[in-house]
Each structure stands twice: as C-alpha cells, then as structure tokens.
Amino acid sequence: MKYSYYPGCTLRTKAKDLDAYARVSAKALGFELEEIENWQCCGGVYPLGSDEIASKLSSVRALNEAKEKGQDLVTLCSACHHVIKRVNDDMKNVDDIRTRANNYMQLEEPYAGETEVLHFLEVLRDRVGFDKIKEKVVNPLTDKKIGAYYGCLLLRPGKILEFDNPENPTIIEDFIRALGATPVVYPYRNECCGGYISLKEKDMSKSMCERIMDSADGMGAEMLITACPLCLYNLKKNGNDKLPVVYFTELLAEALGVKEEVAK
Amino acid sequence: MSIEKEFRPKIVAFCCNWCSYAGADLAGSSRLAYPADVKIIRVPCSCRVNPMFILRAFQKGADGVIMCGCHPGDCHYSTGNYYARRRMTLLFSMLDYIGVENGRTRVEWVSAAEGVKFSTTMNEFVEKIHSLGENVRLEDLRCKN
Amino acid sequence: MQELVNRAKELLADGTVVRVLGWKAGDLPYNPEPAYFTSAEELDNFVYNGFCGANLSKYMIEASKLEGKTMVCLKPCDTYSFNQLIKEHRVDRDKAYIVGVGCKGKLNVDKLKEMGIKGIQSISGAEMSDACDTLTIQTLYGEKTCAYADAMLERCHVCKGKEHMIYDEIIGESKDTKDAERFAEVEKIEAMSPEEKFAFFQKELSKCIRCNACRNVCPACSCRKCVFDSTKFDTAQKANVDSFEEKMFHIIRAFHVAGRCTDCGECSRVCPQGIPLHLFNRKFIKDINEFYGEFQAGADSEARGPLTNFTFEDCEPSIVTERR
Amino acid sequence: MNTAKKQAELIKEISGVNPLKCMKCGKCSASCPSYNEMDIKPHQFVSYVVNEDVESLVNSKSLWKCLSCFACVERCPRDVKPGKLIDAARQVVVRQKGQDYLSPNEIPELLDPDLPQQLLVSAFRRYRR
Amino acid sequence: MQRIGVFVCHCGSNIAATVDVKKVVEMALLEPGVVHAEDYQYMCSEAGQAKILEAVKEKGLTGIVVCSCSPRMHEATFRKAAERAGVNPYMVEIANIREHCSWIHKDMEEATKKAVILARAAIAKVNLNAPLQPGESRVTKRALVIGGGIAGIQTAIDIADAGYEVDIVEKTPSIGGRMSQLDKTFPTLDCSACILTPKMVEASAHEKINIYTYSEVEKVTGFVGDFTVDIRKKARSVDMNKCTGCGVCQEKCPSKKAPSEFNRGLNTRSAIYTPFAQAIPNVPVIDRDACIKFKTGKCGLCEKVCQAGAIDYAQQDEIITEKYGAIVVATGFDTIKLDKYDEYAYSQSKDVITSLELERIMNAAGPTKGHLERLSDGKAPKEMVFIQCVGSRCADNRGKSYCSKICCMYTAKHAMLIRDKYPDVNVTVFYIDVRTPGKNFDEFYRRAVEEYGVNYIKGQVGKVAPLPNGKLLVQGADLIDNKQILKEADMVVLATAIEPDPSVRKIATMLTASIDTNNFLTEAHPKLRPVESPTAGVFLSGVCQGPKDIPETVAQAGAAAVKAIGLLAKDKLMTNPCTAKADELMCNGCSTCANVCPYGAITYEVKQVNDHGIREDRRIAVVNNALCQGCGACTVVCPSGAMDLQGFSNRQILAEVDAICR
C-alpha cells in the first residue's frame, strides 16, 4: 500500500527523527510513504481569517497532487495535519473558498476536497490496525508507563478533524498498548502546551508545560510521547524536566526492532 | 416597445395540512420572511398531489412548483409521503428528461416545528427560480394573459 | 399457422371455446387485423405471420364480458400485458383459453418503405414455419429481398425473450430477437443538454395529432373513461397546438401506465406520425429499475407495482439533480 | 457606517462568527488555558464585538495571549467560537501597516538551536502581515 | 352558480397593517360568484360572525370565503358560524392572509397583491365546493394509557373515577416510573415514595383500572373512538395469579450480576427481580438474559424455593387485542447519554454522576443505603460541585437545544438536602441562569443560598480533571468576579438534560401522532390545545410532550384525562366528511387504490351500473367512510380519476392552481 506523504518543514530540519522513524516503521508494517514532489510549507497555522485564500493554496497543491496520484495523503506533524485537514474541509464544503482557490490554481480539473487526509496514527489505527502492529512488535515495551500527550491541534475542532473523541481520546493509548507498554491517562493530555506563544510569552508556556508534566507525573507516567515537533520542543524547553518526551514514531521503531536502521 | 420588467416568478407550493402547512404557519407566526411569490395550496397529505396538478401549474405559467410534506416516517397517514416520494422522483426525472431545467421542481420535508426550515427552503427555492428565469418550456401560450 | 387453425377448430368443435381471437387478412399484404372467429368456416380467413404485431390481450377486456370462453392468441411479449390485466381485474382468466403463439420477431412495413421498397404486392418469408431470416417481396417493380431483422419493429430488437408468461398451451416456435440494448435510446437522450432534449421532444411531439391511437391500442390504457376525456380535470378534448398540451398528454399518459407498462411497444407501432412514444415509457421503466430495483410489469399477476409500493429507504426526489 | 461599526462588521466577516448566538454561559472562559493572562476574558470578546468596541479589543493584551488551542471553540454549547473572534481581531491589527507584533530584528535573540521551524513560520503568520 | 360572500379580517393590525383590506374586498367583488364582500376588525369575534350571518340572510349566500388567519386556527369557528346561518359548513374556505402573508411580508403593495391572489384561489375553490355531511361512528368506552409513571397513573385514575375502563401499559415490570426513582421532591421536600406509593396502590386497586406491566404496545389500527390495539405481554416467567410476592426467589437467585435499572446501574440485582420494594404488581420477572436457567439450562433454584409454584419457565409472550375509544401517551423521559461531554469526565471517574444517580445515592433503598459517599472509594465527600445545563440549551449538535426545565430546582433541592444532612460538606453550584418560575420556587432556591449557604457561581464549567489524589479538579470561571475558579471536588454532579423516552418514536409512528425534532410529541395547538395530539383521539400526558416537573405533570395528566373523558362520554362521533369517493361510471375496478390505502378503507363489489344506457355488472371500488381518513393517496394512483377526494377534489385543487397562476 502506498500513501502520498507530506513531511512539512520541521520534519526536514529539527524533527528529522520523527520522520525517519516513521519511514522505517512504515516499511516494517508493509506500507510506503511516497513523499509528494513539490510540497511547500503549510504555514504552520490554519489561516485565522475566513477570508484568506492565498495562505491555503500550498495545502491545496499538496492535496491536489495526492488526488492526481489517486492516493490518500498522510501527514505526521500535528500542525501540518491540522492545517491540511481543515483546508481540505474548506475545499469540500465551503463554496466560496473552493471557487476562489480554484480560480488561483488553474488546475486541469478543479479540486473539491476529494483527497482523504490521514494522520500517520490514523493509518496505524484504521488501515494497518493496532492488532496487526501488536503481532509485529519484536521488542515489547513491557513495564513502561507512558503518557500520551495529544495537545490541541490533532483533536480540535473535533467536527472537522474527526481524529478521535476530542475530550477523551484513546488512539495514542491504544497505540501504547499495542507496543506492549502501559498507557497512563491523565487529564491534561488534551490541554494546550502554549507552543504557539512560546516565542514571545515564555512564562505562560512554562506554566502550561509544567501543569501538563505534573499531571502526567502525578498519575504515574514515566515518559511522554507526542506527535507534534512544537509540543516536543516546548515541553522539553519549558517543562520541568520531570519526564522525558519523545516522538511516538521513535517508540514504534524501537518496538518493531527497526530503530537501528535510522542512521544517527 | 416593451419595457424590461423585473422578473417576479410565480411559485406554487403544495403543503400537507399536518406538517408543512403548520410549518408555514409557524414561519408566519415567527415572522420569518420569504418572498411573496410563493403561494401555498393546502392539501391533506403530500400523497394527494397529482402530477397533473404540477404540470397544470406549469402550463398555466408557474415558474416553479415545490411540494412539502411530513418527514418520511412522520406522515399523519403513516405512509402517504412514501408514495409521494416515488411519484415525485419519477415525475421530476421525466421533466428533466424532456429538457425542463431541473430545479424548477422540488420536494422538501418540513415538519410542523420547522418554521425556520420552511422559510429558508422557500427563500432558496425562489432564488433558484430567479436564477433559472421565466419558465418558457412548459408554458402553454394560450394560457398566457 | 395451419396447426393453429386446426387447433382452433378443435377447440370450437369440442366446446372448449365459443370464439377465437386472432388475426385475419387486411386490405394489404402487410396489415392483418385482429378479428373474432366463431366457426370453422370463418377460420379459413385466419392469418398469423410476421406482420401480426397487434397485441390481442387488450381485446380480452371486452371478450371477458361475453358469454363463454375465448381462445386468444398471445405472443410471448403479449402475455406480460395479459398478466398485468389479470392483476388489475380487467380480464377474466377463466374466460380465456390462451394459446401461446410462436414469434420470431414482428415486422414494420415502414422499414421496408424506408429501404425504398415500394409498390408491395406480396411478401414471403414471414410465415411461422419460415426461418425468418430473409424476406422476399414482390413489388410492382420486381422482386426485392431484405434481411428479416432489418424490417423488424423496434421493440423486437429489445425482445423480452421467447418465453410465454402465461398460457394454456403453446403452438409454434419462438425466437429471442434481441440485438440491441433496451435503454440505449433513453441513455442517448439523457446525455443531451436540456436544450437538446427540449428540442428533440418538441420536434417529435409537435407531430402529434391527438388521434389517440396510442391510447386506444395500449393494454395499460384501459380506463373506461380516460382522464383526458373527463370533465374532472378540465383536460377534455383540447385542440392540438405544438405547445404544452401534447407534452402534458404524453407525460401523464406515460405516468399513468408507469409501473404497469410492459414495454410492449404498441404505442410506437401504431402512431401514424411515427412518434417514438415508447421513449417515455421506457424512461420510467429505466428510472424504476435504477431507483427501486428491477421490475418487469406483467412478469406475474400478483407483485405490487412500484408506484403502489415503497421502502423506507427510497431515494429522495433530489436524486434527479444530484446524479447529473 | 461609522468606523466602530465597520470594524465590528469586519471582525464578524473575517471570523465568520455570529456573536448574537452567545448565551453568556462562560464555558469559553472556563476552558481557556490563558484565562489568567487575559485582560479581556474570552466570554467578553462577544460583547465587545456586539457593542462595537473593537478598539478596546484590538488594544487588549488578550490578543497576544490566545493560544489558538480551540478549547473554547470545541466546548462552546452555542457554536459561537469566541476563539475565532480573537483570531479575527488579531488579523485586523496585523493587516494594518506597521502593526506587526513581531519584527525580524527581535528574532535572533529569541532563537535557540532546537527551536523548530514551525514555530517561526507560525509566529510570522500570527504576528505579521 | 354559487353566491359567495367574502369576509376580510383585519385581525386588529396583524393583517391590516400590511395588507390593504379594502383593496382585497374590492378585488374579491370582481371574481365570479362573489355577491358580497366586506372587511371587519375581528371576523372571529361575536360581532364578526354576526356579519356573516347577516350577509347570508340578506344576500342568500351559498358559499363563504374568510380571508383571515390560518385555517388551523379558525376554520372550525367559521364553519360553525356558517352552520348557524344555515349554510353547509363545508361551503366555507379560508384564505390564510395572516401567517402566509401579512406576517411575513413587509411591503404593503406586495402583501396586498398576494392576499388578493390567495382570496381568488379560495373563491375559485368555493365555487366548486359541494355541501358535505359528516357521518357518524361509534365510541368504544375504554381508554388506553401508554406509560405507567406518575403521568399515566394520574390520567388513569382520573378517567377511571369518571366511570370508564382504563388499561395502563407499562414496559417495565412495575408502574411508578421516574418518580419512583426520586428521593425527595421540590419545593416541599416530600419523600417521593411517600406520595407516589398511595397513588400506585389506588391505581392497582381501582376496579376500572387494568394494569399491564412488562408489556408494550405492538400495533395500533383504527381511529378516534375506535382504535384496535395489540399489546404484547412479555413473558414474565412467573405466574401472576400464583405468586404471593414473598421474595424468597430473589434472595436465593444465584445470579446477582445484572445491573439494576432502578438504581441506574450503580449496583446489581438478581436475575429474578422486582425493581423495587414497593413495586406494583409485587410479582417478580425473570430477566432471561441474566438467568442461568435460561442461559445454560441448569439451576432452576427459584422454581425449587417457590412455595406457590409460580415459576413458569415455559411462559410465552402473549398478544392481547383490545378496543379503545381514546389513547393517552405518557411515555415520560430519560436522561441523555453523556458520551459527547467527556470534558466533564463522566466516563473517566465514578465520582462524576448524574443528578438522577444522586437521587438513588441519597435514597435509603439505593446503592449506598442513603449514605452520601463516593462510589470510587466509599469515602464521605467534603466538597461537592454541581454543574448545571449539561446537554441542555446546546446549539451545537452535542446536546439538546431546549432547557430541561427541572434541573435548577432539583439542584437547589440536592444542595439543600446535602447541606442539611451533612453540614460539613461544601456545595458549589455552577450555573448559567437560575430559572425558577413556579409557585414557591424562587423562595426555595433563595433558601438554598441564604439559609443553607450553598455557593452559587455564575459560569459554566470548562473541564473536570481527575487528579492523582483521587479528587476532581473543576475548572471554571466566575463571570461576576471575572476570576478563574479551580476547585478540588470530591464529587461532581451533572444536571444532565432530559429527553423523551426513546420508545416514543415507535409509539408516535403507530399512532400517526407527530413528534418534533427533539422527539417530543407535538400538541394540537401550543397554547390552546396543549394536551391533545393533532391526531384525533390521542392525548398527551407528562414529559412526552415537553419538559415539566411533577406538579405540572400531574396537572397535565388531569387535563389529558378530562379530554379523554370528554371523548368517551360521547355515544357517537361525527366523522370527517372529506373522504374519498369513487365515481361508479369511471371506476375500472383495478384495485390499485386499495393497494395504497393505509386504512383498508377500500373494498370492491360487483354492481350493476347503467353507463349511458349500457347496463352491465362491474367491479367497483367502495370507500368505507368511517375508515377513510381523507389522505388522498388513492386519488393519485387512480389512472382514470374515478377516485376523488371530497373537499379536496381534483377540480377544486386545479381551480386553486389556476387562480394562483392567473
């Protein structure tokens, strides 16, 4: 099975690990991530005004390329996923945006939200299946107590992202279970870490990250995993170092026994 | 010389007594405006609407005909709207087949509680008829004033 | 044919039936007409050949009111109509002795004329006993031949099959003459733009002279009084103009027979103006099949018709817009 | 139309929010992780727009404290989406010339070696035209 | 030719402010058949009706058109007026120039034009109207009440007291309904069981009342005055006549793992059970899904211990068919599911509960024997938080758009009871609005605050987070103080929205009674006919019609009973004369119409007809006027148009079409 793949800017630079571990894991699980050719940065933030078109076009380009290839589009970075999924929803359901975006794009066939956007975790859950992953695990992470940190971008707005129950998600917990570890549920796993403002409002970010870490630590977690490079950076930078934070793909590669394939 | 007049469509709405007519009443008592071009004919049930009525309306110069009934499953007479649904589907398909712009006919299920839906439906429908313009394909010239 | 005549004489003689409903020769070699026969002598005029297209099931409505049984000759496709009439209590099964007659496709003389064959004096090759491959036509201008299939009625190209749906006995062999897609013509029109569709039907229907031949021949149009003759709808006896009146007539006619029409094609066969009236009926049949599942009126005499039936999950009328 | 009204209309247009749907339950404020940092609280955004006091809104600290985490959008029982109003107000500010909240000169001192690109990109999106 | 009078109503300024009524009068006079037209302030008033009578007398009117409000409003009024004037009531047509015209259009010229057209359509129709005579049908003097909660019980008692037979059908093993699950009732804090149990006993002892518990309505046919209902009596597996209600079987039953419905699943019950101690009838049922005997064939302990020999494993469902003149729906409510409100951690913590669950916890017969304790660890709470409007007043598809109406009051009740019994427990209520319209209601709420020290905070809660220390962190904002509130609570109680019992959909469909988008049954008129369904002979009692508290429910139950009694007291009913009728000379006898008739009102008979000199026997459709409800389905499938609907005939509707398109 082949998927179109949109890595995004950060996975090319500061979050190379997130990307590399995902690719080797995918291979081990029998699917392939085919990077789309001319991707551009998604912008990192879903356009804030409903009247903005230009800032949505890079997402539309990626979506259209996947459509032309007849593939689903897989994302890994939470922010990219959020932006692309929401732009896709606009293209599908908002007449005005669709018309205007297509006017800019001048595609052979207008794009109307045909591509399905999947987060890597959704591929694991819905296409591969956690049961199957469990079978393929060679190094079960038994005895590890892991807290999932969802953040905000993957879950909300729930009606559009349709990723999981936005108030009580289970996908990463199920993922943790598939790897043989024990998930630790803590209430702040879907509260924002303040990543977006960490550049200018360090103190605020700090208190938020600390609250998240305390909450997870208090419930007995030994480590946090996340899908978002910004969350990872922020929790590490502004958290209180109570818990290590790693990308979920790193754990996946480790459990599948392919971690070594990523050249350090 | 003829003077270009503003196009005021003639629109006939068949509404079943139990749901849609009551929905229209609710739209009225809630003061939810829709264009005066819509005129409602009360029928006991959507299944009372004979395709002949619709064709006759077009023949006499109607620009659009809409039929409203209870939601499927909620018919006052249990099953009337299910029959109506089949009849109207086939009739609309036939009209489409002989080249009548589709959009001049519509079916909408409106309950007695859906005053808002009644009003928005009528607004949409009138707008649609405006975009289609005058009905020239079905009109019988002899019936023209 | 002789077998048919012999059997008819037998049935008359032993009192099984008191009359025979079949065809007799017409004024011209290609227009046999429906007829009753009540004696062996009359039966000498009995004709059954490739030009006997007429569907006799509708005649059974009147025959059912007469004393005694009637032997009626029904081709495979006619039996669908007969079943439908039983379902609607319009004919009395007990008053009919159905002889399922063989059919290898019925002919349309206009097709010969279109080929330039004129001054027809006699035609051979269209008897039941023939293979029905080639027609040999004697004309004022000499002998001409043509392939049988090239002269067939449109309906025979989309033949429903050689099986009789209801009969008391079968005489003669039948052949499935289907060599075209039943809905091809309808699909062609569906693919047109609204303007083209409108122009097409405008052109065809403006030919209508409201002679009511289609209505009179149609086995489904068996109302004692047609709505178009009724004062109840204010539709009676309108003069024809090339406007909406004809469309309304033909749409409503097709609508009234929708789910009941067996697609026997008689309407198109008898139209003196050559209007392809079956295109209306067949459109309804196609839609019914697509929306509510395959349905063949007259395949039996019990099943509920699609317009007197429903399911909770039926498609909404908006499907008409959505599927374009 | 006076300027205040125009501004309010602009905010409604950019955000696509109908502030009249608000029933003042305060669930947005109750959900907001930045509540304590804000001078105008999330549930108040709505009335500022309704009362056409966009001036106060665009000059508020809250504009820059919102995390765009959509907690208020997700939980709003009336589908009002106060977060989108504040996003729109921020847009109104940064779309004006010379109103950038972040200037390129500031960047170097904010940088650190682990900082993801994403943060810079998004900061530029959020704070600049 | 008819002699038609047109009467245009001003409806005060409701119509006259946007429609030029004089112009409507003027234009109406130009229409064929119209011999009289006038306008008046209020046509529906005594004086307005007198004008109609006068005009009939003076001008010899044969038809009447009233241009006024919706016919759903005053058609009956004007028909009666016509009758008084000696004109057949079905010679009256209404042009709806208020709801369909003056109220929705602003432009006077436009509205007037439309009003004229609507009047023309009505005039065109009346020109073709024919006098109709209603038929008569009999009334079965027996009522059915669906639902055995307080609404159903009260309705049944009231009807029975008037001397009519009543059957109650209740789907659970006992009558009592939601009220039996409550501990105390506001605003007087009576013990719920203490006031309900006597009612239950009264109903079961009443000689005119027959109770079918563990039973459901399966099928309804017929119409007002003459319904035929199939009731499925589910197999109880216990012989009602033999059982003495000793309760030994329940004690001995080894299967005790089934969640107790009565205690909202907070504890368990045996497989053979009566839902609660005061259950009526006091006869247990075997839950066949939980029973070991039914699952494995082994056990049979209850049979062994039953001295009365009442256990009957072979019992089958039984269908009872009964005739009724009136049906009262009293199907009640349930609380909504909270799976879309996970921010309140209901699914994540046992200490987050619904208010109805709190009722069970507070009740001596409940899972904690009436002790207020945390379900997670059995500890007594010190800090309790109540969250209002959970799932109510939501416009976002997660919850219900309406106010559940009872939550403000029962929360005040809970808060007060807790503070009274456990003075060391702090109680905080997060509210959006406190709504207390009702006698002594606001006083009650104020007492909670002033006398019992309940802390009310304005502001909906954003999140409830279970903490490592077992407490629940409630995150809110005080909208008055503009301060964030972070409260560590031991228990959180959610005032969960109520919704009609899910069974109501099926019942509404069977009764052809309409329900609204929230599944509440629709009343015939929201103000003036609040306990009647638009379907004749069907009445509404209790929460199935809309949220209400116990006093309101009981009041409405009485009102529904009175309406039902009014119907049962009649010997004959007038039937709607707008029924289908076949033209004998045109009918083909094809049976198509009978195929679509939902009432089986069409039969066929062979009849000799004289069709313009031709005498012959024909198969002809005959409509049973008592069965026909006048939907018109048959008229459209009839290809010849022989079948027509009186009062809505083809020619009448076509005349309206023509008038509108003219």
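Each chain carries a letter (A, B, C, D and E) given by its place in the written order, and its residues are counted from 1.
Please note the rule applied: a contact is a pair of C-beta atoms (placed from the backbone, for glycine too) under 8 Å apart; a residue touches a chain by one contact, two chains touch by 3 or more.
None of these values were measured; they are calculated from a predicted model.
Visitor: Find out how few touching-chain steps suffice to connect chain C with chain D.
Guide: 2
Visitor: Following contacts chain by chain, what is the lowest number of steps it takes to reach chain B starting at chain A?
Guide: Between chain A and chain B, the shortest chain-hopping route counts 2.
Visitor: Centre to centre, using CA atoms, which chain is the farthest one from chain C?
Guide: For chain C, the chain whose C-alpha mean is farthest off is D.
Visitor: More contacting C-beta pairs: A-D or C-E?
Guide: A-D
Visitor: Approximately how many whole Å separate the CA-defined centres of chain A and chain D?
Guide: The answer is 24 Å.
Visitor: If you average the CA atoms of chain A and of chain E, how many Å lie between those two points?
Guide: Here chain A and chain E have centroids separated by 48 Å.
Visitor: What whole-number Å value describes the gap between the mean CA coordinates of chain B and chain C?
Guide: Centre separation, chain B to chain C: 36 Å.
Visitor: Starting from the mean Cα coordinates of chain D and chain E, work out the distance between those two points in Å.
Guide: 46
Visitor: Residues of chain A touching 2+ other chains?
Guide: Within chain A, the residues that touch at least two other chains are 167, 191.
Visitor: Counting only residues that touch at least two other chains, what does the list for chain D look like?
Guide: Residue numbers touching two or more other chains: 71.
Visitor: Among the residues of chain E, which ones contact at least 2 other chains?
Guide: 343, 463, 596, 637, 650, 654
Visitor: According to the definition already given, which pairs of chains are in contact?
Guide: Listed in label order, the chain pairs in contact are A-D, A-E, B-C, B-E, C-E, D-E.
Visitor: Please name which positions on chain B make contact with chain C in the complex.
Guide: 51-52, 55-56, 58-59, 72-73, 79, 82-83, 85-103, 105-107, 137-142
Visitor: So in the complex, which bits of chain E are touching chain A?
Guide: Against chain A, chain E makes touches at 341-343, 345, 347-348, 463, 465-469, 473.
Visitor: Write out the stretch or stretches of chain D touching chain A in their complex.
Guide: It comes out as residues 13-16, 33-34, 37, 64-65, 67-71, 73-74, 84, 87-88, 90-91, 101-102, 110, 112, 114-123, 125-127.
Visitor: Chain C touches which residues of chain E in the complex?
Guide: Interface residues on chain E, with respect to chain C: 583, 585-592, 595-596, 604, 611, 616, 619, 637, 639-642, 644, 649-651, 654.
Visitor: Spell out the part of chain C that touches chain E in their complex, as residue ranges.
Guide: Of all residues in chain C, those touching chain E are 65, 87-90, 221-227, 230, 232-234, 256-257, 304-305, 307-309.
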